[in-house]
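One chain, chain A, appears in both complexes that follow, with chain B as partner in the first and chain C in the second.
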Partner chain A sequence: MATIHDVIPPFQLFQPTTLDAAADLVREHGDEAWIMAGGMDSFDWLKDRTKRTEAVIDLSMVEELRGIREVEGGLEIGAMTTLTDVAEHPAVRDRFGVLAQAAALVASPQIRHQGTLGGNVSQDTRCAYYRRGWTCYRAGGNICYADTPTAINREHAILGASRCVAVSPSDTAPALVALDAQMVIRRGGQERVVEAEDYFVGPSRDIRHMTVLESGDLLTTIRIPATWAGARFYFEKVRDREVWDFPLVNVASAIRENGGRITEARVVVGAVAAHPLRLHDVEESLAGAMVNDETLVRAGELAIRGARPLRYNAYKVPLMRNLVKRAVRGGPTGTTA
Partner chain B sequence: MHDNAPIPRGGPTNVTRRTFIKGVIAGGVVVSSTAYLFRNGPLSAQAARAGTVERLMTLEVNGQSRRVDVAPNETLANTLRYKLGLTGTKLGCDRAECGACTVLVDDVPRYACSVLTHSVRGRRIQTVEGLAAADGTLHPIQQGIIEEQGFQCAFCMSGFMMATVGFLKKNPNPTREELAHGVSGNLCRCQDYDKILTALERGAQLAREA
Partner chain C sequence: MGSTRLVGENYTTPDLLAKVTGRAKYAEDFRVDGMLFAKLLLSPFPHARVLSVDTTAAEAMPGVRGILRAGELPAPADTVTDLGETIRANPMGERALTDEPVYAGEPVLAVAAIDEETAAAAIEAIRIEWEPLPFVVDPLESLRPDGPNPREQGNSWGRAPSEAGGPPGELVVQSIKWASADWGEVDEGRLPEGDHQTDWSYGDLEAGFRDAALVLDETFSTPNNQHHCLETRTALAYWQNGKLFMHTGTQSAVQTVASISRWMNLDLADVVLITEYTGGGFGSKATGAVSCMIPAMLARKTNQAVMMRITREEEQMIGGLRPAVHGRIKAGFARDGRLLAVDMMTVGESAAYEAQGDAGTSGRIVSLVYQPAAMRMRSTTVLTNTPPRRAQSQPGGFQGIMLMEPVVWKAARELGIDQVAMRRLNAPVGKAQFGPPSGNGTLPHVTSSFLVECLDRGAELFDWPTRVARSGQRNGSTVRGAGVAVSSFVAGSVGFDGLFLITPEGRMIVKSGIGNLGNENVFDVHRVAAEMMGVPWDKVDIHWGDTANHLPWTCVSGGSQTTHAMTRAAHAAATDAIAKAKEIAARTLGGNAAAYRVADERVSDGARSMTLAQVAQQAIRLGGRFDGHELPENINRVTTTAATALAGQGLMGVARDTYPRDGTTFGFAAGFAEVEVDLETGRYKVLDFTAVGDSGTIIHPRNYGGQLLGRSVLGMGHALAQKTVYDQHYGLSLANRFYQNRPPTILDIPRNMQWDAVNLPDPETPVGAKGIGEPPVAAGAMAILNALSAALGDEIYRRAPVTLDTVLMALEHGRPMQEPLTAHI
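So, the complex of A and B:
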């Protein structure tokens, strides 16, 4: 679709200034209102008229949703904290560096200054067919245009696809899953906590949504427990160009070692499935293992087990295997930061 | 080329395309153009629901308080260009993918095409028009660009300048690589990056000496 140089179709704008007011508005108008964090994903949909809304609830005035607080060795990050603030915060850099690295590699400086952590983990997929308004499964139709014989599907899923082959585009999501983060979700006056790994959902569970958020829900806080503070971390993002771009594949790991042996590990890969993919089999194989070639090869092969590439994305299989090996081995990344 | 001759500034007898457009905007054509750009939709015809924003607002732009009528769905780039006549902020892609519309909001570079004007109420906005001093003395970044002839067509220039001014507030003495990373959110279709970086480095140096 040609880019439309025009204004966004009209909507009513709500700008709550407190969390309570925001939660009430979201509960009240959940079905019809668009919840806007930094807006970096929202504006594309609205300007392109691929999605429309009667009303926008803009969270940018809710100061309670911004900021990073130290809590019992861990951190509580407000959902509206910008990616720049996450990437530059001393406690995030010192103790949870994998998240700082991931946030610093999102898009461009201006986007990181405005885009938020809550928005980055709640953004919609980048599948070009879906984003251009084709009535695919994810848009409520009954076909996947990215999985037809003539489809261009270089950026699509190699694992976990179910009818829809779109992938999770977030860089911070794999880092948060690797850190055993928790998502705090507000619904009216009620609050519930969801593990980061369970926050993201694939098409077999919900083909229309990327997260567990339902109409009326508001993601308020991301909790990072002390569990992995100061662990050996690795984050790498492979993309076509070194700025703006979404990952072709990214990987995040957190590893604890004792006397040269891995005691516990988290290895999570993004942009290969509809949700950040935690590699439980790899993690189990690493427990008690020395970091040597044998361990790396086994981890790489376990990672890609069951991969089913589409016509144009078979390159993702060796890419994922090698990124997982690097994430276990550690050392400097191949990506500029 | 080091040409330090003063730049002619548009006076009453020196009507440039830019000052002509500004005059037209200030002179009333704005009424019809905004009627086209921001025509009433079915929603704005209804009474505003409780809790929605007031359209009339005050924006702090380049050190001035400007009263302006802003639609809820209006981006900062549109307000600056079509309501306030500040056409130095360029619209390239209108999708946060080129950087031409970069302005500073509280000293932080942002894409004005992707900011709701209502979300920056009460914040300090600086555009390229606010760089030079009131007496016409150019900002060091502007001076550096003139001295090094950093741009070709220069459509992207105001965005590059604002991104640089914002970046230098955090890192006044960057290496060439750090500066390149600082302005990595701006594209130049002329592919003139090497000369642009040289000019911006010169500007950063002038800023440190000032």
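So, the complex of A and C:
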């Protein structure tokens, strides 16, 4: 049968208006259901006819899933809150600025108005081979087309690859991991809470999925604990264009200091692996350290330990090293601010 | 000229309100009763043969109305030129559909159905048995001794042998391979030196290199790039009483009728084209797109109107590409910076269809812009299994400038000469000469060049000395650099027709055959005629974009011809009407025709006077040539048809441009840019940009500024990030979306760019005006890349675009690290 990458095929559309109804629908339809948040990832797949579904559950009418609430010094952000609302919310800006910055750098204004925080952290990878429908490991096949001698892999992984070399394209994901965020997942009438760091998974654990979400699961809320409120934050996204681009590498950090010494740190890098990469070794090396050249160099070198570049992405190694140094150093970002 | 001053003044074009309010209808916006929608089945292979097609299931689907196969298309017809010369159709050229696709994404068949959903589902229900064939997407791979060929017959166009003195032999595809020994330098990043298809030279090359104080040998690759027209090549077609009505975008309303009639084997009179608005062409819609045959054929087959909306992804494939050129330039400079010798060779990329001349044209422009005392140019164009190559803004000239500017930059730096002074020293002046030599060995020359004036004005506007002083200065992790680049391209053709009427009510009705692709000269050029006739602009009606509306023979709006060609035609038509008006006045009022003049809507000799409305009434009474019942012999047959239909409606101005011209018309531009590079990320930002153009007299300043800066931005895209991406092993594109091939966004360019024009008339055209669309493209691109060199030194990049990975890796390793010659990475 011939292939056409055009025109969204027909499907049943469900537009629940309550969370309970949405959860029931998700459970009822299981594997058949395509859960759609802002649609920025979904429409691409559906229009290309690369992935199909019989039923789309559109969450845009569920008011309970929208909005930002202050809870015990932290925040609860509904999964359907738009990226624009996250970026502009006073509490996010004042106390968790790293998330506001990350959200404000996603794609373009139009996409941020439509795209949601829940969608941004649950989106699929942008590996051009996989998105095109090539039957790679991630698509259930037995080859990675992006890791062959002729493959174009400028945007692919330098760390954590396991057969698949795709990367996480999210800007908000590293910021959420740096904030020790928690993801609230609903399954039927049950709720479970997963640490943001564990929400995102690499190919060695699940080569078909980017998150722990399983069929029947619904991400409802992102909780930001008070832990890092008002910390020294840094976010930087490096991309080819000033707008409407996925990250080549991004970095998020949260740092607590006391008398010039770092007491605790979170440093997370995106788009270098299939999931946002929290740099535990770097964080440990920073605990108790002064912010000086020696500390920065050590952090940068530790960050890239074990990096294995492909033919066209060796630049990501020095880029990641330099961004981690900047994230620790703090101050204004470079030209991509 | 008359007292009604229009030339050089800003005004609001008659289409503006419709465009900004959304009332303007582009091809896709039309709806016809019962119209069907067509969808294409595209080849999934870079090269394959269709062995069998089973459409049974598709045809059985409710709502499917027709399926069109390649074999149903009319055979390509020969072209007969105005001179009666027959140009044979190329049997191996591009067609609308094919059973042997030669690039992935090439249309194989089309389905018409009641809606797009049904058509798409029908495509999926079609079974095709394919025979995959050998392919290649990299021209240098194809040139290797055992390299694959994109077509069975070879990898390049040539001509079959012909009889001595006879017409040239027919076009054939043949195989060119370069011997193993030629490939030694490839690993060092140098373009190999094989045998080339074309080879021209002038001057004493050896002496030039012998006398040179500095000799450089540099290889550089320019990118393939889509045109990214915001309007894709959508077409709506229907038939009424044997006439084909076509709605589609094009770069020439009038000349597209000719191509449609040739593609469809129809009489010119049986094609009506409606094309009032076109969303960009940039060379890719020169005389329409051959794909418009598909809805036309399906409409005939189904007896219903058929709309074929082309998606962005399809446009990326069938819309075509600017051809990349891989170039190597050996250049010798005197101690004072004068360019003594250039030995240039290029390998141009092509699809497996008609090749563009960019690889060769690049040498012509280098010869003109940098005026080497001696030059040799060799070039070869290699076919590959990638999308059709089409002319794109400054075709060939862009690549030539891109190959040469880094060489000039490096030379000036090594010789310690200011970059503006270096370009000024080598700039063409006046009726400057350029290669290749003509048949008798002499070099052709331009009509005028004011490039030196562009550089001087630009340096002043940009405050060049201040910016140079801070080039290379580090601030935190950033460093700035200021760059300049010069550029040129052809800017005008001759020999087209003007046609207008002065009505008995005193209005001026101008017939414009120019395509309305956003550059406003569909209206601008006619202000010349209105000004000469002394008619205020609010009494001028422009008829454009519907070929049922009696439009005259007009140039294609490509290669920046229009302003030059059509102001000449407008001038000729106005001159004709003025002579007629004076004669009518003398006949009516008495006196000598020569004593009359036309101004302020009147014809008068000081004592006697009549209005143009009265002149028009008289013209109708007198008939003959006055009202178009007798027409000049030398106008094009298209104009004759149009003017014949208009005869008897008023005073007719109709004439062909036969003004003499000494030289070939070129426009010039200089671009200045300042960038800031972040040394820790490799990312750079364009802080500021200034462009100054030389294209003679400025007709419409606001439009001119828009062209100058808009086309500079087109060039900037080629410098910053825009590119095609192919996996060579599979021969398939990996960048089919805007976010993947990355044209520049509004945030990637400086907020406040400046422009100015030299505004000195070209002496070889009556209005003094030349085109400006093309030269800014390379000036925009290379001012930026030179600024990057000013910031970082000139051992950073060897191809464009220059993205942050290239910069960061070069900074890390102290030398360029990017593969310079691999195609589509």
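The working rule: the second predicted complex is superposed on the first by the 327 of 337 C-alpha atoms of A that agree within 3 Å, B and C clash if a C-alpha of one lies under 4 Å from a C-alpha of the other, contacts with A are read in each partner's own complex, and residues count from 1 in each chain.
By definition in this document, a residue touches a chain if its C-beta (ideal position, glycine included) is under 8 Å from a C-beta of that chain, and two chains touch if they have at least 3 such contacts.
These numbers come from a predicted model, not from an experiment.
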| item | value |
| --- | --- |
| Contacts of A:145 with chain B and chain C, given as first, second, both or neither | second |
| Partner chain(s) touched by A:154 [first = chain B, second = chain C, both, neither] | second |
| First (chain B), second (chain C), both or neither touched by A:326 | second |
| Partner chain(s) touched by A:10 [first = chain B, second = chain C, both, neither] | both |
| Partner chain(s) touched by A:135 [first = chain B, second = chain C, both, neither] | neither |
| Partner chain(s) touched by A:314 [first = chain B, second = chain C, both, neither] | second |
| Touching partner for A:243 - first (chain B), second (chain C), both, neither | both |
| Touched partner set for A:263, first chain B, second chain C, both or neither | neither |
| Which of chain B and chain C A:54 touches, first, second, both or neither | first |
| Interface residues of chain A shared between complexes with chain B and chain C | 3, 5, 7, 9-10, 108, 242-244, 336 |
| Parts of chain B lying in touch with chain A, wherever the complex brings them together | 37-38, 40-44, 48-49, 51-53, 71-75, 78, 91, 93-97, 99, 102, 108-111, 113-116, 118-119, 163, 167, 181-185 |
| Complex contact set, residues of chain A against chain C | 1-7, 9-10, 49, 108, 128-129, 132, 145, 148-152, 154, 238, 240-246, 248, 312-316, 318-319, 322-323, 325-326, 334-336 |
| Residues of chain A touching chain B in the complex | 3, 5, 7-16, 25, 36, 39-40, 43-44, 46-47, 54-56, 58, 60-61, 84, 107-111, 113-114, 242-244, 336 |
| Chain C - residues contacting chain A, complex | 39, 41-42, 44, 116-117, 119-121, 123-128, 311, 313-314, 477-478, 676-678, 680-685, 720-721, 725-730, 732, 734-736, 738-740, 742, 744-748, 803-806, 808-809, 812, 817, 825 |
